[in-house]
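In what follows, a single structure is set out as structure tokens and then discussed.
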Amino acid sequence: MFTPHTPQEIEDMLNAIGVGSIEELFVKVPEKHRFPELNLPEPLTEMEIAAELKEIASANASTDEFISFLGAGAYDHYIPAAVDMLLRRGEFYTAYTPYQPEISQGTLQAIFEFQSLMSELTGMDVSNASHYDGATAAAEAANLAYHFFRGKRKKVILSRAVNPQYRQTIRTYMQGLEEVEVLGDNTDKGKDVYSEEFLSLIDNDTAIVIVQYPDFFGRVIDYTKLVNIVHEQGALIAFVFNPTALGLLKPPGEFGADIAVGDGQPLGIPLSYGGPYLGIFTTKEKYVRKLAGRLVGETVDESANRAYVLTLTAREQHIRREKSTSNICTNQGLMALAATIYLSLLGKNGFKQVANLCYQKAHYAAEKISALDGYEVVFKDTPFFHEFVVQTPKPVGQINLHLQNHWILGGFNLSEDYPEMENQMLVAVTEKITKEDIDEFVEALQEDTND
Amino acid sequence: MKTPEGLKYAKTDEWVKVEGEEATIGISDYAQDQLSDVVYVELMVDEGDSVSKGDAVATIESVKAAADVNFPVSGTIIAINEDLAETPEVINSDPYEAGWMVKIKLDDPSELDDLMTAGAYESYNVEREG
Amino acid sequence: MTEKTIYELSQPGRVGVTFPEPDVPLTPSPMGFEREHLNLPELSELDVIRHFTNLSKLNYSINSGFYPLGSCTMKYNPKINEEAARMPGLANTHPFQPIVSVQGNLYIMYQLQEWLQEISGFHRVCLTPAAGAQGELVGALIIKNYHQKNNDTKRVKILIPDSAHGTNPATSSMSGFNVVPLQSDERGNVDIQALKSECDETLAGLMLTNPNTLGLFDENVEEVIQLVHSAGGLVYGDGANLNALLGIVRPGDLGFDVMHFNLHKTFSTPHGGGGPGSGPVGVAEHLNDYLPGPIVTIIEEGDEESPPFFGFYWPEKTVGRMKAFYGHFGMLIRAYTYIAMHGGKGLRNIAEMAVLNANYLKSQIKEDYTLPYDRTCMHEFVVEGSWDKVPAVHALDISKRLMDYGFHPPTNYFPLIVHEALMIEPTETESKQTLDAFAKAMKSIAKEARENPDLLHGAPFTTPIRRCDEVKAARDLVLCCWIPD
């Protein structure tokens, strides 16, 4: 199948090595444990596994059949056919990290273009070649800040309106830095970055403040003043952004963010049940030496041709070993390529169009839902992008079960992560949702209320 | 490889130039050659910091390696070479003059006794090369 | 041969993809947040297709040729994997769907957990880590949390053999440990005496790659593990080289406490030009409660009529969440497919052919290259890429010259303990003919080195670009392309 050896070749090779059998190659493996019988199912042929997987997939409800209002960090956008056609080129997906620039210019230039697009999108100076996902990129932002201040500042302050899973991930990553304290998000007040309680945390022991834009509840908050407050204390501020929103909204760089991280999944990457996605990491030039992860830089070859190489590699684990600030060695190469192709295809106009469609449809949905008895849009005086919070008349889980009968995936149940937000649903609307879909959704909610 | 007389050298390849109570610190020609083309120098101290022997002065990055520079003597920082941020390559081209890193006021001049003379450092390098 | 950037190709007003006009009443943009400049390129669909097709042609890949990059397991990636991960019923599921609506996904994840446990001899597996390095971080944090929960806070030291990947020490320091390097003995094993002298009450654990990065199976592995355990430490297995052990020996049976898998290496979910990887972690029973989450479990047993009902759980003393959601699901589907197509015997065949190929290739080039450790290797081996007689030629020159012969070079300058190392991993999917052709090229280069070393210094000559100025790249940092105003 995937091993080409004929019996004759095996014999010839063993002779060349000078051993009598394959087993002889393994004599150093403790005999007691050598050649275990693995209790696995009998192998399937390609035809059989293809059929089996189709059967397994049929046990799922997918966004192909269902209208989805789920977001909360993963979004169902339209992906133009050309994206996957190009991703399937084996020259991209069967290569590895471009260690040898002479035969990796394809990957290197694509990453360089990705870095350029991300810098432009966020309004920041530099982007790296990507991190695992938005959550780990946020954790690396905290890590950067800690190392930038050489461990002298001990507080990492998180808004409670940062994606709960990102906050959990940041805490996991901070375990190794024992003196670091992660705080700000434990009480309801942490949802409002301008509350006295939140602002009082920011001081000269603060390494970084992390906020989200639009925040986890979809709200678009003006962080201008916050950025000033953080900078007055000499600390850094990171924005967790949604890339689609930046097609319409002023970018983090214009607010003065020091770091902008986000998940690039909305840029041409399938939902794929949560991964693989794309961690975007952008920052100001001044922090580039503390940046974790791969960077591609432009240079020239011996014949003075323009060329691209991995650069500033002395920051990384394979050289600096225990002194590097992060252990990351892969990037999300293929996912970064997907985002690069997606943005190239949509271009200036297509991307703005998508952002605007999300915005318009979400606002229509919010208006229709708030007109329903028992439903109310929470935070209604704050602008939002394509997600908003709805107060529902009964538990969100129950409503979603009902919606499933109508081939609708209802919004995210906030009470699981926010006990104070009982009966509150986070609704996301993308360009894929039509007016009819929204009307159907509203009707189904109405019907459920009447039950 | 240059090893100017009159300077003191540490086994970890730093040089110290003593003028009265003050000392200037950098890395040796031998060390810069081992590192090859220096692309970045990060100074880990600020003026006024008091430092002990063994503390980190700086990290130097070349294309293929990263090295730490440590204080061979204790004292208080009186000057740092700000130009290294923009022109790290002077570490390669002029390690003993333009490539200086910090100046300190010595706490304990007797610490200098642990360092090598130019001759001793040269023999030490020959020995290391095997 | 160079390709313009997307911005250089851009023409103002050109459009690649359009979307329908809004079908809802319009709402004005939020005041004060309007974006003024967003300078994305403007290209037609064909411009984009040509550009990225041209770029792809500048890459070397497994699909195009032999890629013996040591320690990276660049094996063939079966095409059915790609079809599997793209099945709409799997690819188009949202991570927050109710679990009742994603039972197919959970079934795949549950089976994969079970299979990885069976293959490795570990008691529980968590699939969430995003890559090998993140799996390592999980391992180090588990070791840390285990000692802390036992109030054994003196244990601050992690031992790492000098042959280890750089990620091991980086992971350990990221987890707040002190890293102590451990030397190797003259046979490439962990030096037992050196190990004994470090086995004290401050020992938190040992990170061990076996087979190690020299491609050698540690001849004393059981004693090494025993010594660490007796001193109260735990042993982390770096699963980077698991390809050599499939059906040969289970790390769990050898006594390892925790290990990560690299699905993109061992289980052929592709390397993707540098990622996404996938780095599930397996643990022995005493560490079950420390795994990250969420982990798939059976909530209700099935019967003849209905399948079991799957859900998630979080281990009691979990080290926490490693990333958003549940891991790289798309990669998990590929690994599931790959294992399902092999079964137990097929997996053993993978390891056997990988080891056969490595030993055969070693036998074919050892006349011309120095083998620092000349004993039976596992899936890879290391030679010195230099000769005393031609001091001016380095491993890098050999690597660059190999490109002219149509091959991807081996890993250079790693492991650090071998002078001018070239680390060669042929993998099981390569034929004898390919190995013979590579051996012939290596011999020919050895001859060129003796006769015309300057030829090697100038190489490569036939690649899209020549050697690059890496010093310029680092000194005159350009990380972003020209973008028109």
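For reference, chains read A, B and C in written order, and residue numbers begin at 1 within each chain.
In this text, contacts are C-beta pairs under 8 Å (C-beta built on N, C-alpha and C of every residue); 3 or more make two chains touch, one makes a residue touch a chain.
None of the values given here were measured: they were computed from a predicted structure.
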Original post:
Can you name the chain that lies farthest from chain C, using the mean of each chain's Cα atoms as its centre?
Top reply: B
**OP:** Could you quickly compare B-C and A-B and let me know which has more C-beta contacts?
**Re:** A-B
Original post:
In angstrom, rounded to a whole number, how far apart do the mean CA points of chain A and chain C lie?
Top reply: 20
**OP:** Provide the C-alpha centroid distance between chain B and chain C, rounded to the nearest whole angstrom.
**Re:** 38
Original post:
Distance-wise, how many Å sit between the C-alpha centres of chain A and chain B, to the nearest whole number?
Top reply: 43
Original post:
Which residues belonging to chain A are in contact with no fewer than two other chains?
Top reply: 312, 319-320, 323
Original post:
Residue numbers in chain B touching 2 or more other chains?
Top reply: 39-40, 61, 63
Subject >> Where chain C touches two or more other chains at once, by residue number >> reply: 470, 474
Original post:
Which residues of chain A touch chain B in the complex?
Top reply: 150, 289, 312-315, 319-320, 323
Original post:
Can you list the chain C residues touching chain B in their complex?
Top reply: 470-471, 474-475
**OP:** Would you mind writing out the residues of chain B in touch with chain C in their complex?
**Re:** 37, 39-40, 61, 63, 88-89
Subject >> Footprint of chain A on chain B - complex, ascending >> reply: 39-40, 42, 44, 59, 61-66, 68
